[in-house]
Every structure is written in structure tokens, then in C-alpha cells.
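For reference, the structures are reproduced in the following blocks.
You will see chain A twice below: alongside chain B first, and alongside chain C after that.
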Partner chain A sequence: MSGWTRHARILGICWRAAVASEVEYRFNFISNVALSMFWMLWAAAGASVYFRYTGAVAGWTNAEVLVVIGLFFALNGIRQMVLQPNLERMTDYVRLGTLDFLLIKPFDAQLLVSLRHLNVNTLLDPVLGLALTTTGIVLTGRGTSVAALASFAWMLACAVLLMYALTVAMMALAVKLVAAEELGQVSYAFVELSRFPVDLYRNPVQTILTIVPIAFLTTYPAAALLGRLDPYMLLLAPAVAACAGVLATLAWRRSLRSYAGASA
Partner chain B sequence: MIEVRDLAKHFRVHRREPGLRAALRSLVRRDHHTARAVDQVSFTIPEGEVVGFLGPNGAGKTTTLKCLTGLLHPTTGTVRVLGHTPHHREPAFLRRVSLVMGQRNALFWDLPAADAFEVNRAIYGVAEAPYRSALDELVALLDLEPLLGKQVRVLSLGERMRCELAGALLHRPDVLFLDEPTLGLDVNGQAAVRAFLRDYNAQHGATILLTSHYMGDVTALARRVLVIDRGTLRFDGDLAALVEAHSPHRLVRVTLREAAPAHAWAGLGEVSTMDGAVVTLVVPRAETAAIAARLLTTLPVEDVAIEDPPVEDIIRAVFADA
Partner chain C sequence: MRDLLTAYPPLVRSAALVAVTYRGRMILGVITGFFPLLTMAVWLTVVAEGGPPAGWTTGDFLSYYAAATLLWNLSGNHVVWRWDADMRSGDLSIRLLRPVHPFHQYATSDLGHRLVFLAMLVPTLTIAALLVPGLDYPADPVLLAAVAVALALAYALSLLMASTFALVGFWSTQTTNAWLLWWGLGSFASGWVAPLALMPDWLRTAAALLPFRTAMGFPVELLMGRLDPRQTVYGFAVGLGWLAVFALLYRITWRRGIRRYQAVAG
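Coming up: the complex of A and B.
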């Protein structure tokens, strides 16, 4: 069995178990879907206030901003579904010494620690977010193209990798600080900054959000879908995501060097 | 197999006085000191040997074990296990070792035991046939059949420990590190785990390094012991030699046909306990045989037994000497 197949098989077993145990609580799932829809519609309604007396803000129309807001909810849904439940458990892993057993297995510890658990209740959030994005595209009246869709998929994949890298960096920090609860809030705050197109912010905030690089999470994927992305971004985005991924992995490995365990 | 040379592991520890003022001060200025958890420890363990690792709490046993499994990076010194440097965490090394820690969960907590074993099979890349053979053997030896369908988190401590052992051995490790494997188990549970480990060592020739607060674990499984205290190795050798070196006395337990007066024991050693006709004497090790012979000729002896003092007492003596 190749490395990737083995990794996928092991994560598959873990995720199946997560689905099996969480679908027992149907009310949680339904209430989460209802809440997600509420917050998404509330965000869309809130954004429409800015466009009551003007057609566009910083070059973005109301429909185009909806594309970004939808993407924000989709990405945040992925974060809540896959990344957050694992980041939240880091404190326990370190405090109770469970991390020892994850590290001693002949398996990529970073993958196991960061992707093992799944919050099934937020399974529909990415779908709801993409539904709002699609609504935004329809409301622009311009539609989209196959090339734009392909660019969008590419940019979205880079955004997901970037968000993953951020979470791994937080996990590395949790190994050192033995406190991941607050770090979960920090990771949410980063993603929250991508709720609106970065062009809406004044400088130097706009420049900072481009460098940090929050703009790669929603603004550039939305621009790709709207067919107005600078083509060089198709190369820059994977480079940025790969750099973030490598830096996060290095931070993770470095944190393990100083790992002291639960009862050393 | 296992080679440890001048191993040291130091931790930088935050130190603060009690009280609110000290807590607030520590927000801006922190005092640290270096804790020497393990210092200049050296030993080798050949293939197939079972070694007991003894020491009081905080002596450095677990830290050493974690350096041997690669969980901790040594501050200085070298560690080689199966020809590998453990903290490099090479898959070829990790596939050949296993770590069991009492009252800690290595198996995935939220899965039924059978699924948790299946995860381990996938992680260790064990082929179907050897996995089936190992699982069948472990299920029979540890009586796991009724537990396979239950989630690990709902098992009792003893049941979970048996499952943990099975999970740790499914890939047939060559080296097994056991940290307090019988902690919290009742007498039957302890006996079952000891018997199983003895069989596993005999059948598969696995090297086992065992730490335990229960001397019964060590005396049942290991002939050789390492004694560590405050991070330093105090003794490395046969358990029998340890007993001889640190206990100049033996216990002679005498049962008489009828109770004898106190003056009858004069010159026969120190009377430790006297319960009617049953008397325990503490005698110099070198004079044990002579005193036993005198007892048989001077008193109406029904039974006589010669024992070493409990190993716990001897270990206490080792630490007291240190």
C-alpha cells in the first residue's frame, strides 16, 4: 500500500467513526444548519446596507461582495469541520500525554494530529457558503466561464492549504504553550478578516492583509470566479500557500524538539 | 539492541513563589531553572532481555523511556535502539517498537476495540495474514473476544489495559517499553498482564524494558534491574546481586510446635515479630545456615523458611545509601 493510500485509509477509518458517533445527535446537526443559514443571511443583509446609496464600493458591487461573503462562510465551514475540532484537542493531547502515542506511530504525526477528528455538524456549511457565492454570481448577471471556474478551483485549493498551514502553526504553538483554546480564537480571527474583499479596507490595512496573506483566502478566489484575477496570481497563490505549508511544518517539527510530554 | 551512552535530559522549568503578587510579577518577569531529569546515564540491553527499571517518583524513569522511544530529544549523550537514533523517528524504527503506559490511552478512544486495532494495522502496515494470526493469538491470550465490539472509552480499566497491550503488540514489536503497565489493576489483572508479558517474551524473544511501582511486576519478569534516582543510575545488575549487596540480613520464619519463652531466642538473631508459635528472626546473611541448624537442634521446630527481605525494603535501602 503506498504512503498516500495508507494515510487516506487511516483518516477514512477515523472520519467514519466521527460520522457514526455524531449523527446520533440529529438536533445538533439541524440547529447548526439553521444557525449557519441565519448568520449567512444576516451577513448578506448587513453588507447590502453599504450599497443602499451606491452601486459599488472600491470597485466591488453588492453581488460581487456576496461572492466573497459566501466564500468566507465556505472556508470557515471547512475550518470548523476539519481544522477546529483537531486544534481544540491539542491542549488535551499535550496535557494528558496522548500526543506521545500519536508521535510514536510510524505515520505522519502532523497529518494524524491535524486531521483525525471531524465535526459532522458543520458538514453543510461549505455547501451553504458556496450556494451564496453562486447566488452572488447569478446576481451579477454576467455568469462565469469554464476558465474562470478552473482558476477559482485552483485558487480555492490554495486558500484551503493556506488555512491548513495556519492551523498547523497554531498547533505547533499549542505544543509549546499547552493552551489551544485561545489559539482556536486566533485562527478564527485570521479567517474572519477575509469576510470582505481586502480592497474595501484603507491602506495600510489593505497592504497588510495582502501580505499576511488574508487576501488569498477569499478576495483572490472570488476575483478568479468573477473573471478579473491577474493571471500571475495563479502562480503566486500556490507559491504563497506552499511557503506557508513548509513554514508551518518546520514550526511543527521544531515544536516537537522542545516537547516535554505530560509526565517527564 | 539498546545502547545508551552518557544520556542527559535537562528541562527549563518556570519557577514562581506562591501568592498573587508573585503570580502578577511572573507576567512580566519569569524565573527559570534547569531541571536535570536524567544525567549521565549509560547502559546496554541485549536482544531478548527483560530489564526492570526502578526508582521513586521523579527519578527519571519515564524521561529515559521517552528518550529511548524518540519522544524526547536528549540534551546530550547518545541513544541507539535497534541501530536507530530514536528521536529521528524513522518509520523503520517506529514499526519495530511499542510503548505501553498504564492508565494512558494509545488506542483511539472513540472507536470499538476491533476498529481501533484495524487502525493500528493500517498505521503499522501489517499484512492481512500476519495480522489475523497475531490478533487471534492476542484475543485468546488476553481473553478479548467479548471486548472487540465495545468502544474503548466504555471499557473498564482492566479491560482497557488488556486491549492496550494487544494494540501495542499487533505489529509484533522487537522492543517493548512498558511504563507502569499494571497501574491501577487489581491482583488478578496484574497477574494476567505479567503472565502474558512473560509468554510474549518467551515466544517472540522481544526485548522488554519495564518500569513499575509494583515490585511483583519486576520480580516476576526481570532478572536484571536498573535503579535510577534523581536522574542518576545507582545500580545495574542482577536483582539477586542487588538484594545481596543492599541487604546484609535475611529473614528466618520459624513455626514451633509450642510457643517458646523469649530467652530461648537469645543468640539466634534479632526477633522481628512474634505471633505465638510463629517467630520471624532477622539474621546476618553469612550466619543464616548456622543459625537455622542451631534452631533445629535447640527448639521444637515444626517448620522453618528462609527469605530475603521484601525487594521494596531493599530498594529503599539503595536510595537511603545514595
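Coming up: the complex of A and C.
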């Protein structure tokens, strides 16, 4: 276990350094937080247009859709904060051969490459997103229960792991394609699909999004919070997340075998 | 002016060639710009469950959002990030030394990319209109000519509006955020969040006077044959008016801003 604590300690140091350097640009940080809040209001107002014409779309009321939109912002905030800044650097790592130096460090290569950097600008997005989710729950007027909160936390943890796996898969591809910027867009597109509950799309899109596991990102965690999740999902979600994690790690290792250093 | 006219074709062509060279990137850009299709998908569910909202059928939504995707890829918004990056890095200094004003350097570079997008999207849209039932546009040559002019106006206004905002960079480091705020607010009045016909009356009234609809909703509504001649002329008048306003704002801001510019590097 000492390996894990050592890894956690070193990542903690890296992240503290990232926060410390960003604190220099306080106004920039405030401006970005304000923009994040604006985008959430934007999304909430935009979704409300549908409900001018109907009380519920595919069984989701306006308040329930807000729960999902909040989760979307929370997850996307985590993606922009931890995953995107690292994925962005992959092109340079490969092109300049920096990856050589990262691989020989006495630290797990996948963790180092995928978690080393931190974008502090969306630090508060998960908090803001969960605030919108809470607002949605309050607006439904039904409240929630301890059991629902517990299953929500469980499903959300699975969703974060799943999103991490998607990004590691993109990193593996980046080693081969050397096009991290575009792959970043693809990973964003995955998450973007989870902006609305998947039920809002009709088939075949809905089925595809359930298989591609977009539904596990926001729809099922929201359903858990609203107390209407199929209990078997509590087992299926970790299985899906774990499978995705293992597959992504295998893809990463495979891509490293094909990597030939570019540094001299 | 003559110099400018001779400079435009080769600069636009070289930008288009760059775009074609990185075509994988462009295709990904088109595919990932699918947000309008998400909102469309939700509208289709609304239609399927409760009937056409405000008389908008499945076919109307398909036609609207297919054309909206075209407009989304035709906007000149991207120049904001180019200006911002060059002001930060000091690369703007090099651009200032060139014989063509930086505005035209960014404009030609962006235009080249947009034309390649158009070359991909217009045939796709035409094929879709022929194959997909419900996705239809009136095939009236006069109307299509008017749409072509409206598209040019949409691009010109979005480019000029974005460039004017980019000049905020002479005073502040928050250019892109200021632009995103402006764009985000405008997206309710442009037809981007939802077709304006489905928006509340007060918003539709305001949108008719604001610049945003010119760059998005107006060409789409025109293409769908939803505007009578009076509304068409009015739409063009509003668009041209705002084009003049932003041209003036741009000139004033540029004159004041460039005096403040101190190159960081180059």
C-alpha cells in the first residue's frame, strides 16, 4: 500500500504547485468562475424552452432535467480540471519525446501522464454543478432520501471512473495519432452527449447512448438521486466502469509498446 | 483598396489549402459541432409525444437544424482566439509589419477555412434535402440567391462583431471570456438555443432588432421559405445596419487600442 500513498503524495505536491501558480492570476480565476456560472444559467434557461410546450419530455420534468444538467457541469468541470490539461499535452509529449522522460520516472506512467497537470480555472465547476442539481431536487418538491443519496454517490463515483477511462483511451490513441487537440474534442463530445437525460433522445440514438455508456455519466446518477433507479444498475455501473478502466489501461500499455522515443 | 482586392484571393487560397491539408481535423470539427443536433433530437421527442409545438413539425425541425449546422460552421467567431493568442504572445507585432492590416490577415485565414467547410457541407446538405423525407427547402432560384447573400452577410457580421470584441484585448486579458458572455447572451436571440418562432414574444421582438439573428436565424428562416418579402427586406436592412455599426466601432476601437499596444515579444 505504501506505493499508493507515495503516488498520492506526489500527485498532491504537483496539484498544490498548480494551484499556487494559478493563484497569481486571481482576476482570471474569478472571471472564469463567473463564466462557468453564466453557462449553467444559460443551459438551464435553454432547456426551459422545451417546457414552454410540454410538462415533461420522455417522463422528465424541467426540474428533473436541471438535476442532469447540474451533473453534466460537475462532470465536465472535473474533465476540464484534471483530464483535459493532461490530454492536451500528449501531442507534445510524443512529438518532442518528453514521454521518454516521463516513462523512466519512478512513478506509474499512466497516472503521471493522465493526472500530473491541473487546470484550476474550473475548480469550482463541480460545486456549482452540484448546486444546480440540488436546486433541481428542491424544485421537484419531493426531496430525497439517505438511500437515494448513497446510491447517487456510488453511481457518481462510477461515472467519474468511466470518464477517466474514456480519457485514458484517448491518451492511448494520442500516442499513435499525435492529435491530442482533436481527441480532446472527441472526449468532450462524449461528455457533451450526457448534457440531457438519454431518454430525451428517441431510438436508435437512446439505445446507442446506453451501450456506449453515456447514460452512466449523468442519466443514471440523476435517476438514483430521484429515487427511480433500477437497483441492478448499482451493480452494472461499477462493472461497466471497471471494464472500461481495464480496457483503457490495456490500450494505454499497448500503445506504449508501439511508441518509439523521439528525444535524443 | 485595390491592393486589398489583389491580396485577398491568394491569402484565402493559401488558408483553404492549409485547411485541406489538415482535413481530418476539419471533419472532426464538423462532427463534434453537433450540439444543434442534440437540441433537435429533444425537439423531435417533444413532437412525437405532444404534437408539433407552435405548428413546427418533425420536418421543420430537421430542415431548421440541418441549415443551422451550416451556419454554425460558417461563423467568424474563431478569430477572437487568434487575436487573443497573438496579443498575448506578441506575434501581433509581426502581423503589424506586414503590408495587409491584421484584420484582413485573420479574416482571409478564417475565410479560407470556412470556404472548405462550405465545400463539404453544402453538397451534404443538398443530398440530405433530396434523400431525407421532411428535410425540404423551396427550390426557388431567387430565394436561393437571396440565401447566398444572407450567408455572406451572416459571415461578414459575425466576423466583424468577433473582431471588434477581439480588440478588447488591447485593454484587458479577458477578451475570450467577454466574447463568450456576449455570444452566450446573443445565442438566445440568434435562433441558436431554439428557433426564434418557439421563443416568447418579447424575445422574438427584441431579436428582430438585435444583431445576432442576422448571423444565424435569418438565413435559416429565409432558406426554409418562412419569410415574406417585407420580412426579408427588413432582415437584410437590420443586418446591413449592424454591419455598418460594427465597422464603425471596429475602426474607433482599433485607433484607440493600437496606441496602447506594447509588444511583449515577436
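Here, the second predicted complex is superposed on the first by the 261 of 264 C-alpha atoms of A that agree within 3 Å, B and C clash if a C-alpha of one lies under 4 Å from a C-alpha of the other, contacts with A are read in each partner's own complex, and residues count from 1 in each chain.
One rule holds for everything that comes next: contacts are C-beta pairs under 8 Å (C-beta built on N, C-alpha and C of every residue); 3 or more make two chains touch, one makes a residue touch a chain.
It should be emphasised that the depicted structure is a prediction, and the values quoted were computed from it without experimental measurement.
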Notebook entry, point to check: Putting chain B and chain C on the same copy of chain A, do they fit or clash?
Noted result: fit
Note to self: Just checking: does A:182 make contact with chain B only, chain C only, both, or neither of them? Give me first, second, both or neither.
What the structure shows: second
Item checked: More chain A residues in contact [chain B versus chain C] -> C
Check: So, does A:53 touch the first partner chain B, the second partner chain C, both, or neither?
Finding: second
Next item on the list: Check the residue A:45 against both partner chains and state whether it touches chain B (first), chain C (second), both, or neither.
Entry: second
Next item on the list: Would you check which partner chain A:259 touches, where first means chain B only, second means chain C only, and both and neither mean what they say?
Entry: first
Checklist line | Which of chain B and chain C A:202 touches, first, second, both or neither | finding: second
Checklist line | chain B versus chain C as contact partner of A:105, first or second or both or neither | finding: first
Next item on the list: Look at A:239 in the shared chain and tell me whether it touches chain B only, chain C only, both, or neither; answer first, second, both or neither.
Entry: neither
Notebook entry, point to check: Does the superposition put A:9 against chain B (first), chain C (second), both, or neither?
Noted result: first
Checklist line | After fitting on chain A: smallest Cα gap, chain B-chain C, Å | finding: 7
Next item on the list: Could you pull out which residues of chain A sit against chain B in one structure and against chain C in the other?
Entry: none
Check: So in the complex, which bits of chain A are touching chain C?
Finding: 27-28, 31-32, 34-35, 38-39, 42, 45-46, 49-50, 52-54, 57-58, 179, 181-182, 185-186, 188-189, 192-193, 195-196, 200-202, 205
Checklist line | For the chain C and chain A complex, residues of the former touching the latter | finding: 24-25, 28-29, 31-32, 34-35, 38-39, 41-46, 48-50, 53-54, 173-174, 177, 180-181, 184, 187-188, 193-194, 198-200
Note to self: List the residues on chain B that touch chain A in their complex, please.
What the structure shows: 9, 11, 37, 62-63, 66, 69-73, 89, 91-92, 94-95, 97-99, 101, 104-106, 108, 110-111, 115, 118-119, 122-125
Check: What residues on chain A touch chain B, complex-wise?
Finding: 1, 6, 9-10, 13-14, 17-18, 21, 96-98, 100-101, 103-107, 109, 257, 259-261, 263-264
